[in-house]
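Got a structure here, written out as structure tokens. Questions coming.
Think of it as A, B, C, D and E in the order they're written, each chain with its own count starting at 1.
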Amino acid sequence: MLKINQINVYYGASIHALKEISLEVKQGEIVTMIGANGAGKTSILKSISGLLVPKSGTITFESQNITGIPAKDIVKKGICHVPEGRRIFANMTVLENLELGAFLDSDKAAVKQRMKTVFERFPRLFERKNQSSGTLSGGEQQMLAMGRALMGKPRLLLLDEPSMGLAPILVQEIFNIIKEINDQGTTVLVVEQNAHQALSIAHRAYVLETGRIVLSGTADEVASSEDVKKAYLGG
Amino acid sequence: MEIFIQQLINGIALGSIYALIALGYTMVYGIIKLINFAHGDIYMVGAFVAFFMISIFDMPFSIALLVAMAACALLGMIIERVAYKPLRNQDRLTALITAIGVSFFLEYTMIYLVKPDPRAFPASFQLHNFHIGNIVISSKDLIIFAISLGLMLLLTYVVNRTKTGKSMRAVSYDSEAAQLMGIDVNKTISATFALGSALAAAAGVLVGMYYGQIEPLMGIMPGLKAFIAAVIGGIGIIPGAAFGGLILGVTESLVSGAGYSMLRDAVAFIILIIILIVKPTGLMGKNVKEKV
Amino acid sequence: GCGGQEPTGNEGENPANGAGEPVKVGLNFELSGDVATYGGNGVKGIEMAAKEINAKGGVLGGRQIELVKVDNKSDAAEVTNVQTRLLTVENVAATIGPATSTNSLAAIPVAMENEIPLLTPSATADKVTVDEATGKAKEYAFRLCFYDSLQGNIGANFIYNNLGLKKAAVYIDTNSDYSKAIGSVFKKDFTALGGEIIAEENYVKTDQDYKATLTRIKNAKPEVIYLPGYYNNVGLIVKQAREMGITVPFVGADGYDSPDLVKLGGAKNLNNVFFTNHYSSQDTDPKVRAFVEAFKAEYGDVPDAFAAMGYDAMYLMADAINRAGSDDPIAIKDALAATKDFPAVTGTLTMDDKHNPIKSVVILELVDGVPTFKDKIDPIQP
Amino acid sequence: MALLEINNVGIAFGGLRAVTNCNISLEQGELIGLIGPNGAGKTTVFNMLTGVYNPTEGEIIFEGKSIAGLRPYHITKRGIARTFQNIRLFKELTVLDNVKIPYHIHARHGMFSSVLRLPAYYRGEAEITEKAIACLDVFGLADKKDEVAKNLPYGQQRRLEIARALAAQPRLLLLDEPAAGMNPQETHELMELIYWIRDHFKLTILLIEHDMSLVMGVCERIYVLEYGRIIAEGTPDEIKNDPKVIKAYLGEEVKLNA
Amino acid sequence: MNNKKQGNSFLKRNALSLIVAVILVAVYLGLHFWIAGFEIGGTRYKLNNYYTLNLYLMGMNIILAVSLNLVCGITGQLALGHAGFMAVGAYLSAILTVKFGMPFIVAILAAGLAAAIMGFLIGLPTLRLKGDYLAIATLGMAEIIRVLLINIDYVGGASGFSPIPKLTNWTWIFVATVGTVLFAKNFINSTYGRACISIREDEIAAETMGINSTRYKTLAFCLGAFFAGVAGALYAHNFYIIQPNVFNFFKSFEYLVMVVLGGLGSITGSILAASGLTIVNVGLQKVPEVRMILYSIVLIAVMLFRPGGIMGRKELSFSSFKSKKERGKERGTSGN
């Protein structure tokens, strides 16, 4: 479904953030990327969703070359990105944020229906639907960001550290939701610090270090690697 | 009492003009957080476009108004593309200085092209005066008020109800996240400039019609006043700008009416400062505490 | 050049003989800023005059006049700056400008220090040419226009004696020294004559809406409104006043003189409006007609008073240079001071001991948009 | 006497009651955790403690004196320092300058001697620099002292923030999710560090954290907040087994894992 | 930090200061004689009055830009009323010398103090405003000062206050300019300067680090106002006449332009930009009709091609000329 072929990404002239990265996500999979801070996980997601333009290499989605296409057009192709740090529209209400998630969809009835499912999944959002979303707590904002992405009816969902700053009970819930979304047919590429949880739901995994992929394989293979155990699984 | 009402009417007409300019200020500010100091000069260019349309091509007033609005919409978009877009990710002061540069550029290019002398704006209406007791309301007062009100309502509709309006608001909060929703940021910002500039042009043409005189530096003071109006109402908030414009127009009129016209500009600023001290985000600004 | 003592020292040993050597005249004018109109039009008149003079063979028996033009931004520091530039870098023989009193006051000390004469075509404040402390004329400062006291005085006389009106309202631009000075002399002299000032209101030149103050004037019920100001404001003020039903006469000064006044105010509204002036662009005097036609041919516009005075200033300067017989600034200064019966477009003038020109003042009345000669009042020696 | 006492404190934003009737008490030298679901009001409690928000009701007593309603800088001078949930470093400044800034309140040389470069200035600056470097050393950041703060990796930024808070020489340290975004290995190192800081600087520490391995590992006592109210208080073991807490916050699985 | 190393750097530091001091004295004396004029072997050398005037103007612009930088660049507060403080200084000093016959030095200091007090009165209520709200409030304050001056006949109203004796000379300009720059440099590299910088970076974090933000914002504002007042006094006594309208908001913009063009927070940047724009102005005097058009194009072009200003946040100093390797170690501290 998604194929990344040897991309290189720079910030400015000197910072070489991604070095010859190649990876693949197949239809229906949950793929996770783990790696220390600054390894380049966010940069990969941004390259896919068009917020960053690779200097070389190609990205193909459903056998279409999408390298260098602006972000707004990539959304149209069915890729939704839940960015790091949530990035909700802080001065808009929860409701308005969700509406914007379906910006490109002009079928009002369908949007309404999806809104209902999102509220069922996140009852807390329903309670606060008219609150200015900038004043939500961190966890509430994360739910909103996920909900907003779901409003876009994605075929490929990119999640950047969805569990960051969440309560344990919510972390679990978020991962359950990811699994559910996946079960309903959405392919997911998720970046996580919480390697334990991520590996427990993923089919396959990639491990990143300083801009390079150092390990890849099925989730179980990766989880049983000694290095990974030590660095990311707490022993 | 009659005098008071007369001054009130004068003030509302003046305030409508401030409001129209202030709306453009507020919209541009809302979306890219730029105090577009060139905005007052777009108002001036609008007045000149209509002037030439009427005096050279003999256009009727309403057509000239539309042409001026269209021309300035285009001008606003070009200015944004050339001078502001490259600086979007820079410190906001950088763009502010560029805006000052653009403002000088428009003023002095116009002086160079059309000379600094004031010009008489062709009279476009048969004037009617309506007398109510000793109070005089001219048809111009009514026209200016009606057109301003109409444009403001239209703008409110566009911003709150249309997709363009929603994307404007989204871009104004987080343009990167807006892109992830499929919103075309460049187009949205262009549209904002176009809309704001068209409103400024309308104000310029109305002023030309109302006072009968235009000149290349006519935008400086109203531009500054409109900015004050926008801040009084709460900058970035559309009804706030309209409200601020009216308050400012009426106050100025009353101050002059009370015989202190030489202190009028000072009073305008004193009011501004008092309002800011009492309510630091303007009258309609939400007093949100920064979440930490 | 080194120092200001011998500004012509570098240019040939014998200036009078240098037939090919042009005579440099500096122009220090407001070409940007909010009074750019005054400076710009003054310069137009000057440039046209210089062109004519040069076409006729220049000055001093065949030397061309070379104009060095600078913009003073209407900012005192910049006025001083460019004046110094003209006098010490460009080494001009004399300068013309600035157009306004305030800017002239900033330029004159530089002229005095460098001992190079300055002629302002249009700065009317009394203290421009007179040192207030000593009451004497400033040696190197001259003007071509008449000064404020004179116009205020004549305005008061005209209203009290000729129109026979006793209750006046005064409406003044607080941002303009011109308007304030004329207004204050008017108030003093009008009361001295026995008249009464029953209302006093202010505006500033950037205003476009005068209704608030006009409403107050209207309620004071004056018999006449004395409005010393510039045509761009006056046009709007009179128009708005007439629209509000104020029908009493307006009386003002030379700032009214512009064809745009009628365009801005409308011919009908401007009936019953009088002003003191140097000349009238509709004057039938052949000298005036020739100037107006030539100006129209050159620029396509009808000249206003600033252009006319600029034009005269250049001719007066050329005349003084010829009379001085050299381009030595001190000789030019003496020649300027000795000007007598110089035939200018704006009236035949003689320089008095305060370096103010003595010339006749005309009172014009606007009749359906046409300035019509109403009265001629002879200069009163102060 | 307790070092810090929060009595019946509450705050509302518009109509929303973010914290109600909150009671917390800390003894000198304790290491206390504050946990709770997202939006429970934990950060808000910190904000009230440090003067960023003013409580609408209740009182906050620190070392016997009320501090509710004081401005943040005032409270810092009284001896409370904090870190932020969303890192708020002085991004454009160097690591060293970041840590030097809090020493300003303890500087003894005045502006006069600074501007005139009197000897007192040189002495004062040298002393501050020395202390700041010593402080960075504790966090293994001394060799990064000339790096601009925003260029540090995330984990080091977190540590720098703690270092900066310590530079204010507090007696009570508030840490808001110090382990957020850290991997288990880094979290483990952080745990050691927190112990060390407490013992070395003789501090009292109150920390907010969602990483249960950290909270259960280092905290002596834990308060649990839900919907702005304290729903439980006790030792890690008590909390782990409190059904209310399990239901509201921990979930079944964590209990099993922990 | 052993003592030996410290002693070593102490020497180094003094050597540098000494070099700077010697250069400054040489510049002062050299220009002093050149301006006054001197004779060598029969030829007279004298700096043309015009260049002298622009040199003075450059000094005043540097004072104004550097002092505004304390507020805008260092403390991060967008203030648009610098011309107002300049006006206060200019008028007060002129009143003192003209009407009361006070010596110039008294007038200069009084001008600075009066402007600083004004800064305090204006700053206290307005400095809790943020960003653009502060900008418009300070702009308003300056405009109020201007309108009031227009209406005070004691100082000549709209037509201006004149004549003012020309008392400004090279010594005053030099002392005031160098004094301002040294003050700013020393201030920035002290705990006080760092307190101001921390407010610029993050006001809430600064407060929780014990910095009383109101106090330091007001301090920076008063200091900026003080030097603007001093520059105003020098200005008044150099141009014979002062008018309220000169101190309008365009004047304030002019100095803001210098600060941003030079680089926010960079003192050397402000100096370069202030000097550069003075020279640009001289150059543009030759083309009066299009000077403002060209000026605006220069402004836009510099911002487009160098958005961070000429110097960014960095300073030009001796260490900039050292080898790259050495500099790498020193880089960073905001005020080096």
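Following the convention adopted for this analysis, a residue touches a chain if its C-beta (ideal position, glycine included) is under 8 Å from a C-beta of that chain, and two chains touch if they have at least 3 such contacts.
Please read all numbers here as calculations on a predicted model, not as lab measurements.
Asker: Using the contact definition stated above, find the chains touching both chain B and chain C.
Answerer: The common neighbours are E.
Asker: Note the shortest touch-path length, in steps, from chain A to chain C.
Answerer: Minimum number of steps from chain A to chain C: 2.
Asker: Measuring between Cα centroids, which chain is at the maximum distance from chain D?
Answerer: C
Asker: Based on CA centres, what chain would you say lies at the far end from chain E?
Answerer: Computed centres place A farthest from chain E.
Asker: Measuring from the mean C-alpha position of chain A to the mean C-alpha position of chain E, what distance in angstrom results?
Answerer: That pair's centroid distance is 50 Å.
Asker: Indicate the whole-number Å distance between the mean C-alpha point of chain B and the mean C-alpha point of chain E.
Answerer: The separation of the two C-alpha centroids amounts to 34 Å.
Asker: I'd like the Å distance between the centres of chain B and chain D, where a centre is the mean of that chain's Cα atoms.
Answerer: Inter-chain centre distance comes to 48 Å.
Asker: Determine the centre-to-centre distance between chain A and chain B, using the mean Cα coordinates as centres, and give it in whole Å.
Answerer: Here chain A and chain B have centroids separated by 42 Å.
Asker: Could you list which residues of chain D touch at least two other chains?
Answerer: If we look for residues of chain D contacting two or more partner chains, we find 13, 43, 52, 84-85, 88.
Asker: Which residues of chain A are in contact with two or more other chains?
Answerer: 135
Asker: List, in ascending order, every residue of chain C touching at least 2 other chains.
Answerer: Expected reply: 32, 174.
Asker: Every touching chain pair, please?
Answerer: Applying the touch rule to all chain pairs gives A-B, A-D, B-C, B-D, B-E, C-E, D-E.
Asker: What part of chain D is in contact with chain E in the complex they form?
Answerer: Residues in contact with chain E: 50-52, 71-77, 81-82, 84, 88-94, 96-97, 100-105, 107, 109, 111, 114-117, 121-122, 124-126, 128-130, 133, 146-148, 164, 167-168.
Asker: Would you pull the chain A residues touching chain B in the complex into a rising list?
Answerer: These residues of chain A touch chain B: 49-51, 70-73, 75-76, 80-81, 83, 87-92, 96, 99-101, 103-104, 132, 134-135, 148, 152.
Asker: How about chain B: which of its residues touch chain A in the complex?
Answerer: Result: residues 163, 166-167, 169-170, 173-174, 176-185, 286, 288, 291 of chain B touch chain A.
Asker: Tell me, which parts of chain C touch chain B in their complex?
Answerer: Answer in residue numbers: 32, 34, 36-37, 40-41, 174, 201-204, 206-209, 211-213, 215-216, 219, 232, 235-236, 239, 243-245, 260, 263-264, 266.
Asker: Any idea which chain A residues touch chain D in the complex?
Answerer: Checking each residue of chain A against chain D gives 36-38, 124, 131, 135-140, 142, 161, 164-172, 193, 195-196, 230-235.
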